[in-house]
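Chain IDs A, B, C and D follow the sequence of writing; residue 1 opens each chain.
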Amino acid sequence: MAAEAAVSNAHELGRLIAEQGWVLITGGRDAGVMKAANAGAKQAKESLTIGILPDASTEVSPDVDVTIVTGIGEARNNIIVLSADAVIACGVGDPGTTSEVALAIKNRKPVILLGVEDAARQFISDIGGDDVHIAVSTMQAIQLVSNCLKVNREGE
Amino acid sequence: MAAEAAVSNAHELGRLIAEQGWVLITGGRDAGVMKAANAGAKQAKESLTIGILPDASTEVSPDVDVTIVTGIGEARNNIIVLSADAVIACGVGDPGTTSEVALAIKNRKPVILLGVEDAARQFISDIGGDDVHIAVSTMQAIQLVSNCLKVNREGE
Amino acid sequence: MAAEAAVSNAHELGRLIAEQGWVLITGGRDAGVMKAANAGAKQAKESLTIGILPDASTEVSPDVDVTIVTGIGEARNNIIVLSADAVIACGVGDPGTTSEVALAIKNRKPVILLGVEDAARQFISDIGGDDVHIAVSTMQAIQLVSNCLKVNREGE
Amino acid sequence: MAAEAAVSNAHELGRLIAEQGWVLITGGRDAGVMKAANAGAKQAKESLTIGILPDASTEVSPDVDVTIVTGIGEARNNIIVLSADAVIACGVGDPGTTSEVALAIKNRKPVILLGVEDAARQFISDIGGDDVHIAVSTMQAIQLVSNCLKVNREGE
């Protein structure tokens, strides 16, 4: 997926997540899909956005409400996925997102892939099995998360 | 690649790495490619094997000389790649190895893929560019690491 | 200080912090001063409480709004202090709080000690210098934090 | 204790630790007690020194054999203590060492204090109880570690 489409999807997802009353967790940086998702959340009537930063020198998206300064660099991706009920990846074209998706699978968190190209989709589905879901729209991504949360609650 | 071939390659790589006088760093667990690589290293005349463990309850391969108990779970994969001069992946069929490879690329460490299937190879090469190298044998993997180390030293 | 007094101070501090419009960050566990501070915050009209947990199996205080699951065990104390603008310690009688205070000083965060015994106060003041402040009441602790935040803002 | 005495003790401890056939683990930096302990170890006939570094930009003591680059900053103190069988503190006059000692106690590792002033000794003994031992010489520190290791082995 073109980076542009990923950013536009992230913006829409941010808004939809906030409208569901869910907390938005991102890597918090003032760039790309993170920035877009946080900006999208702030278009909803109410929202809570958490940015889990690599370290104290990170430039933070202005739409992050609470910053968690981990000081553990890229390893903070593991904290993002451990803290999330489900992980939505808007494109997996870069190593940061790939590590997040792989760590989410390792920790048995549901992963929703949106706008992911063929090779990536095949590869990630191979390693993730039933925990990986494919969405063709932002609305479907939200629906898939919603289903995962229901299953989680029933399993408790 | 079949898991069996990955384990056999890992065993051979362990020995070759030790014979080069290099330190072998793995995730230290008493299973799969980690166990095999440490066992291989111990077949060389001299070797030093370091196991970077997720936590204190990890079962450690008996061929690990020094254990580093990180207490940070899967995030320890980031410590493995940061501590390494180069990363060799024997197969990328599971999320743990995938996260390691992705974190290695993110940290600009050279990555050598050995015995990796088509979809994975295409995907990882796409996100890693020039930092990703493909080996068709254990000897070639060692040669590729050797080249990367030379380039590093000249760059210093 | 008796553990009882520490818990009672933590409860009051939680409420005062929330009334200032500040975000309350704690270690999130359902015990001792953490539990008390979160419960106190929920007595204010509005509050936001963040619990930075050691791992996924931690029992969480019911008054924590957002849990960050770090998966890094006791090392999460470093994330607590890095994420805070100032650190208030209600008693320093246990190693967990002591490590937090020491890490706060190491990271040059202002530390306010409330109800801390003589030996601890002398020792911590010795290693922390000007970054360590002594409060004799919860109100004074809030006032000291407020001063630190002002200095921070002017320094920006 | 004067910083000078701490450095001199650290140098001697490094040598004694290596002579016991133990692995020396330090924070790896090219300064103070860390540097001295590593230099001391290299005066023994054989030695293995591991440096557990905060991040990739750390200046490393030249006498460190293997560097573990954690990328987690000061939180790496928790990895040092988790990886050690026992912790010797040469003076506790700075927040870094204090956090290490507090984390060691939290993780129930034996702590040996050498050349620690009255206020610090009282405070640390209060929070650590039976896990804290006081040494008046480097030889006694080694003897105390040796005792702790025996108890550990018998407890297994």
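Structure notes:
Note that contacts are C-beta pairs under 8 Å (C-beta built on N, C-alpha and C of every residue); 3 or more make two chains touch, one makes a residue touch a chain.
Note that the structure is a prediction, hence the values are computed from the model and not measured.
Least step count on the touch graph, subunit A to subunit C: 1.
At the interface between subunit C and subunit D, over half of the residue numbers appear on both sides, which makes the contact a same-residue one. More inter-chain C-beta contacts link the pair A-B than the other of B-D and A-B. On a Cα centroid basis, the chain most remote from subunit D in this structure is A.
Centre-to-centre spacing of subunit A and subunit D amounts to 41 Å, using the average Cα coordinate of each chain. Taking each chain's centre as the average of its CA atoms, subunit A and subunit B sit 28 Å apart. Multi-chain contact residues of subunit B (touching two or more other chains) are listed as 71-75, 78-79. Residues 23, 48, 50, 52, 56, 66-72, 78-79, 82-83 of subunit A are the ones touching subunit C in the complex. Residues of subunit A that touch subunit B in their complex: 72-75, 77-79, 92-96, 98-99, 102-103, 105-107, 119-120, 122-123, 126-128.
Residues of subunit D touching subunit A in their complex: 55, 71-75.
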